[in-house]
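Look for chain A in each of the two complexes below; its partner is chain B in the first and chain C in the second.
Right, the complex of A and B next:
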């Protein structure tokens, strides 16, 4: 087929299967697929006892052997840490330079993730007790040696701003830096071209923004990205906008301007813009009208008789 | 002489070796009644092999001496006293059926009679040793949070099983549904404390009695000893007493298993080399 077998990824496999076995079935899960068996067949517990009938695990008769075995091991570590603390205190009040385990940038596994790990169903109460016990382990001063054990039950959080794709800066023939971006809000779409001139003039569809947006609220929306980063007079904007109404056009422009400004900014500024909500597209659209009702939510007048 | 397989209400295959005729009876027993299956009328030659002889010898030799495992040397009355086994609860908590086991009452605190405790503990440990010798499953139960970790560690160290957690209703009575078909239930249940967290009798005692599983239980002065097969009157609240019981049970089980391995090696050798039998 002309494909390179060395660099054949799972995406390529999915694409090939969709091409070779075209299926008109609506449910994506019913279509033919080719994946690793671990992803298709859920993990099940193997037979728990040997030929003589004796179970393998010493906590088999509790019913939840993996969960209780995990609790047993954690309690053993807590007791060991407490014993060590007592020993150290008896030797004298030595200032210990033991740093606690760093928890920044990670979270505890969720109940579903823990169930997947243990291949067993656990209740909310069990999960709460497990988290409580781990917190207790972390509160002891000598827990640094159990760092690996604790990290197994914590999931690292991805830094959201690293997902942001920032386009590189472009330069025109005069050496002026510029960048373009798109934005959408309800049914309004727009494109923005920001130039690092220093004039601060913005034209929308060939007209000045003061004429295009007579209402103050729309102009505030337009200026907010510049105002947030204290770059009010720095950029020169050329925008084209179509569709929607006055407010949605203003919102689309704001999003496009924020996206265009990303190439001029540092990582920290990008993160602060993301946290301010300037880079999040507004997903709200007009809700459809339903039959038997006057509008999307409004019902017909209810008459008692 | 019939050899019985240790099963609970399952298929009972007995090799009845009579003079003549030689029959293999196959059937199943439910609550004492013996029902025959279709294969009962089969007349086959019995499997008298050297292996069954050796197994019979291994299983019967310990039954001939009263204290085959020499467990009386493991503890003395003084050890029990030092571990504060004689301390019961206050007079108001006393259970009527524990009165025969009490020595007396001092300043409103009940004192358990250690002479009786020694006898009961001796027979309980002996029974446990025989069960462990025959490869039975022993389940240690204690619902005391203070000693749960100790009980579980002890069970793991001697290769047996523990349950120191919340008791789900059908663990013994509804076992095939809870665990899966073909599960083997424990052959002995040892209660290191017969009460649960709300000072009521542990459900496991009643369930074990229902499922015909013998029980050994440490009964304190506020416990009901009636359904326990081998009650051991003693303290279940002090860490010293619990550590003593755990140590004793672990030693007993390990000793019994080591003895079994020893006997198998000994008699296995003598079976394969009948001329050079060393005993």
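Right, the complex of A and C next:
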């Protein structure tokens, strides 16, 4: 590097570090990327027999001791719940107060996740039997006491609306709030600038929306996000759109308007918009033509000979 | 099933190309565009609706089609009818025909209404949407058929018998079971 190693002071060292590692040695992004320790040292089962050679677990000789012991415990719980149900019925018909365990926000562990938990390999058949047994346990009315046991084998699903990225609101020179967003549908792309405190006028590529979309269906699509949130006359829109046909341009504009409005809304409203289908980009595109067929689906005329 | 859920959220092509497949992963749920349902407070919901809401909170939702809006004038039955009338993708023409039909219905009914004597005025239905729905209900079949697979190499004979609804019992007719589908 042209430096004299004899007269290399601490200052030179600092200078060279600043040159070689511009972000510094202690920046978070300069940290070395290492694999998770579980990937380097995978979980292994501890030695399962004592000094005398006798295994600790009574199900060791099944080969899959954790899996079979799990099934054993679950069956014990099922039998206990059934016994309790019989006892309750013999005392007299009791009204159903016990609510079943809520399963909506979670899913069963996948086979790979269960294998990770048990530190054992299990077959697809074993996994299916396990799920079957757990479903049977859940079908019994007295299963509320086994809630913790069941939750251990269920994974919580994350709430979808938390994945929505809402851009912060921007303000122009007059203090009026505005936001921009993009939208796409098939091959049409568009950008929308929504301004608050407006009168509900929308201009597309410099023209009024009534002139640009002579068809009612397209104008209904433009109105949809505003009408859904009861904000019909509140915003002014400036849009540019290109590509695609009239229907796909309208769809792209609808998506862009919905995205632009997100910054003005509360979380509950964002979630209702998502459930109304306004925030999902439509993935449907023209299907390709296949060889040996006339179109995407249409086959050539069948000739008997 | 994929180990990660993120793979399910992208535009999806199935591994095996079945005849009827959609660009959406089957994990996606249908959207609900009517806005009144979102303004209902918690107390008015039944348990099923609450469960449905919880399910919708964790699942991705499909995009609404171009012919659906949250407007009061949007009718799923009418949209379906327009799509069935449509040929070569000419939705504008099909929708125009339907609108003109409804308009002419209204005109005729209003004419009848004005010409009718005072006592009979209340019986004349002027709402074309109500007439359309009633007409559709009148045309609906009373009995539907559901074929049941039985363990046999021969396909079952399909001979629907028009049994009037009050006489329907669980008859087994050469391998096929008839079930009433009361029109709702």
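Throughout what follows, the second predicted complex is superposed on the first by the 172 of 305 C-alpha atoms of A that agree within 3 Å, B and C clash if a C-alpha of one lies under 4 Å from a C-alpha of the other, contacts with A are read in each partner's own complex, and residues count from 1 in each chain.
In this section, contacts are C-beta pairs under 8 Å (C-beta built on N, C-alpha and C of every residue); 3 or more make two chains touch, one makes a residue touch a chain.
The model shown is predicted, which means the values in this text are computed figures rather than measured ones.
Contacts of A:72 after superposition: chain B is touched, whereas chain C is not reached. Looking at the shared chain after the overlay, A:108 reaches neither chain B nor chain C.
In the superposition on chain A, contact is made by A:55 with chain B only, not with chain C. Of the two partner chains placed around the shared chain by superposition, neither chain B nor chain C is touched by A:149. When the shared chain is aligned, chain C comes close enough to touch A:215, but chain B does not. In the superposition on chain A, contact of A:63 is made with chain B only, not with chain C.
Contacts of A:157 after superposition: chain C is touched, whereas chain B is not reached. Note on chain A: of its two partners chain C and chain B, the one contacting more of its residues is C. By the touch rule above, chain A contacts chain C in their complex via residues 102, 104-105, 110, 112-113, 157-161, 215-217, 220-221, 223-224, 227-230, 247, 250-251, 255, 271-272, 274-278, 280-285.
The residues of chain C lying in touch with chain A in their complex are 1, 3, 5, 11-12, 22-24, 31-33, 35, 38, 51, 54-64, 66-67, 69-71, 74, 91-92, 95. Interface residues of chain B, counted against chain A in their complex, comprise 135, 137, 139, 149, 152-153, 155-156, 159-163, 165, 168, 171, 178-180, 182-184, 186. Remark: chain A residues 47-49, 52-55, 58-64, 68, 72, 75-76, 79 touch chain B in the complex.
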